[in-house]
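Chain lettering (A, B, C, D and E) follows the sequence in which the chains are written, and residue indices restart at 1 in each chain.
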Amino acid sequence: MKKQRTNAIVTLYHKLGSPPSFYRISGYFLKWLLLISIALTCWGLYDGLVLAPADYQQGDSFRIIYVHVPAAWMSMFIYAVMGIAAIIAIIWRMKVAEAVMIASAPIGAWFTFLALVTGSLWGKPMWGTWWEWDARMTSELILLFLYIGIMATYGAFSEDARKAARMAALVAVVGLVNLPIIHFSVKWWSSIHQGTTVSLTGESHITWEMLRPLLYMAFATKFYYGYSMLKRARLYLLETESQKKWAHTVITENK
Amino acid sequence: MPIIKATDVSCQRGQFTLFEPVSFTLAEGQSLLISGANGIGKTTLLESIAGLRSIQLGNIEYKSIDLLKSKDQWFDDSFFIGHKTGNKKELNCLENLRSFLQIQGIDVSEKQAEDALDKVGLAGYEYQFAGSLSAGQKKRLALARLTLIKHTVWILDEPFVNLDVAGCDWLLKLLNQHIDNKGILIITAHDNPSIRKKITHELVLEMQR
Amino acid sequence: MKPFLSLVKRDLTLGLRKKSQIYQPLVFQLLVVTMFPLGLGSGAKTLALIAPAVIWILALLASLLTLDQIFKNDYDDGSVESYVLTSYPLSMAVMAKVLAHWLLTGLPLVLFAPVLGVLLHLPSSSYGVLMLSLLIGTPIFSFIGSIGSALTMSLKHGGLLLTVLVMPLLAPVLIFGAGAVVESALGNSASQHLLLLSGMLVLSFTLVPFASAAAIKINLE
Amino acid sequence: MKPFLSLVKRDLTLGLRKKSQIYQPLVFQLLVVTMFPLGLGSGAKTLALIAPAVIWILALLASLLTLDQIFKNDYDDGSVESYVLTSYPLSMAVMAKVLAHWLLTGLPLVLFAPVLGVLLHLPSSSYGVLMLSLLIGTPIFSFIGSIGSALTMSLKHGGLLLTVLVMPLLAPVLIFGAGAVVESALGNSASQHLLLLSGMLVLSFTLVPFASAAAIKINLE
Amino acid sequence: MPIIKATDVSCQRGQFTLFEPVSFTLAEGQSLLISGANGIGKTTLLESIAGLRSIQLGNIEYKSIDLLKSKDQWFDDSFFIGHKTGNKKELNCLENLRSFLQIQGIDVSEKQAEDALDKVGLAGYEYQFAGSLSAGQKKRLALARLTLIKHTVWILDEPFVNLDVAGCDWLLKLLNQHIDNKGILIITAHDNPSIRKKITHELVLEMQR
């Protein structure tokens, strides 16, 4: 029984590791991922913007939380996924891992950007300034720089997609090693030098009505990421395997 | 006994496979000329054999061990000179020659280096910076390395380019000598038909269908 | 002579022959430091406040200006082959290159820092900590920078990409480096900051050569 | 199409193809701006004080990072010949190159400046003057920089030398540019500073192309 | 009537005069091969003639006017291709060919440029970036310019380098055609002895004593 299960996992690993079957299997999921993420987003936004009660202190401006917080969570989640894929891509030279890694970077960068923009939109009514140099915001900004570095590396070597992907993967791994160092040093820096500008701990009083839409949105963004990432990864695979037979048939079939 | 054995090797640039897979074996004292039209992939193939690129299609064995597995032995025995000469323009000829080899762990005394420059026709240029040499002189400076090394496999990409007639003659003689000493030679040279006389194998690369 | 030493020696010869590589970063620092009062148009007080940050940022920028040279030169003229195509470990060659780079560009920055301190009215009691922090910090610039240099060596204009790649990674070095100077200017002990800096140095010393070697190999494909 | 337009078009194509040339200077600015609070470790007050100077110095540095590309590329790959070996005036070709350079690197700096203003807590009433002053100032960077670029194009590492050559020449631009922003942040009129800046622009527009053309010719010998 | 007349021309590098002063005259349909050992100064001489360097020793007249005095006419009539090809690696072959000539004021339609690439054996590479061409392909791209220009004087430094046999044949034919059309050719080519057949003048540079 147990042996069978490991076998199943091994075959799944090999299946997902081979571009044609990854392409085929991921094809089944695409539509569903998109549909679920759209449904969740609609419901979450309706719940958050209409159903949830206004905050007694912040009024309606707090509702930006339903974009801001999921985006901020995704920015970190995606970096983790990308970092793991990058390690696999470098050590085992697995093409699918390259694809996942390369596909994740722009999505992660957009979520990071979104978190920054919504954060500073929120900051204006809350603190009267668009931007404050506190630890969390600063490290989010540095995260954006890391994403940009990865994408720029990929772009710089665009003539050879595989080499570009492996170079970008190396940058991602180095960033991954450094990320905790950056995180803690920034925390430490702002804790010694700055009085806490804002306390973000207010959310422990958050009511279920306010929390529920947040969870919807958190799941919606995950599904959207799954959809968008698979779609980009499939494109990458088609591009780099365009000489192989399976890719050729896919391309001609789609014409 | 074959020392180098290549089976179904081809190279890729971007996503494209360049030429029809080729196979060859080389034993002591044998030499291989790689020819083919411009852009067919000669340089790419030579760089892959030398170890600058990884071999993606097919495999090459050196002394029966796959090159991918153990490169050290191969690096110790093979020597590559490509399109780029590897000279530092801010160093003079003597310094260039010595430092290049010393970094590879090959000790070269000043006297030896001077002799090598003399052989290659750069006597009198020992203290001129490599940056201000003419095209042919730069090539000569790079080729001077060949007179100082003991590697059995030489891999040369278009070594005759930019050399004048005297230079070509000298190089031909040196290559012959290397082969006579049981060395192995892998070379491209579309500008020098006379190399064909001493070559034991020729590989004509052909477009991938 | 061992390959390691030969490589260090060759790079030092190259650097000392083109002295510009050594003094131009310093002139650059001087020039930017002069720009500050010009742009600020205000008195000495603000200057002293921002001095530790400015000196450290300038050290970072000055290093960045020379970092691309670590491997790019060798790639352009084909002499990377002299250390890639041998059985001598590539990571040792990386070490040699980084060492030479630091001796040529990092060390001068350390020695020059007090001059900037004077110009920016840094209290002279902090000069010791300033130099010590730079002595620990600048080698980290060279180490981490070598990864960026290896990644961008085959690009025509890798300099800016290198900056973008390396600067976020070096933010912690800046925090603790400048932090140390700020503390000492306030009369506090800077030892905690300096310890953390040293930790980062050890870390980059042990990890970076392998990362750079990997980058070189991928880049040559 | 006229040679002038062909050259501008070619350089714009090149620049737009490698978008990095456009956005990397901006990222560079962002990065350095981030370094300031990290290094300062103090509150927002100091930031607002130094904001005009920092933004202008960063615009200068970001321009400097791309200035060497004006002619160096063309020299390295031999395509200088396409405009040197013709009867079309070389000074017009210089104009074309400078124009393309400014469109690709100067204009984005102007448009991006407000973002830096936000990060450095510059009062938002000064954004207009900030952008206007940069709009007049950055073409001067490109013009004056072209002389430096022409002088250093044949050098392997001309970047730093170029910095050292050009920065002193650009100091007045910086003084009046940052000055204008400081005045407006204080609520005063900045028109005098802006007028002086415009004068400099006219001057460099009329003189520089000939100087750069001469530098190219000398450099090719 | 001589169109180009050079009198006692020599070149300097650093402080050194490179070769014994040479003189020559060229009329319509004549051609000059410059030969000599590596480093004698062929490239330097060609660049000086083309106008990239100024002539320091001796003088050259074009249509009886000193080159130093009026370069415009000379630039309009002469075309130089040197060691560096002048291709932009970020532009594709078509764009490279067209923009290079357009910047010189020569209008080239897309159709014409495609034909030129076709002639030079780069059909199928129209949209590949020049940076990823092989050594020989880069040379071909530069030489494609020759099929689109009307200049009477061609100045070519080692144009055969890196070309394969077919490429050399094509270039030889093109040069013959140019000469037959009353063009003038100034060339160096140590790797291609067959050029001598069509050449009317040869100049062997000799070391300055």
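In the analysis below, a residue touches a chain if its C-beta (ideal position, glycine included) is under 8 Å from a C-beta of that chain, and two chains touch if they have at least 3 such contacts.
Computed from a prediction, not measured in an experiment: that's the story for all the values here.
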Comparing A-E with D-E, the one with more C-beta contacts is D-E
Centre distance in Å when subunit A and subunit D are each reduced to the mean of their C-alpha atoms
36
With chain centres defined as C-alpha means, what is the inter-centre distance between subunit A and subunit C in Å?
32
Distance between chain centroids, defined by C-alpha means - subunit A, subunit B (Å)
48
Contacts with two or more other chains, residues of subunit E listed in rising order
83, 89, 132
Multi-chain contact sites of subunit C, meaning residues that touch two or more partners:
18, 73, 156, 161, 164, 167-168, 171, 175, 179, 221
Two or more other chains touching the same residue: where does that happen in subunit A?
142, 145, 148, 152, 156, 159-160, 186, 189, 192
Pairs of chains in contact here are A-B, A-C, A-D, A-E, B-C, B-E, C-D, D-E
Would you tell me which residues of subunit B are touching subunit A in their complex?
13-17
So in the complex, the part of subunit E that touches subunit B is made up of which residues?
13-14, 36-43, 83, 121, 125, 132-137, 139-140, 158, 160-167, 190-192
Provide the residue numbers of subunit E that touch subunit A in the complex, in ascending order.
129, 131-132
Along subunit B, where are the residues that touch subunit C in the complex?
50-54, 71-73, 75-76, 78-80, 82-91, 95, 99-105, 107
Residue set of subunit A touching subunit E in the complex reads 159
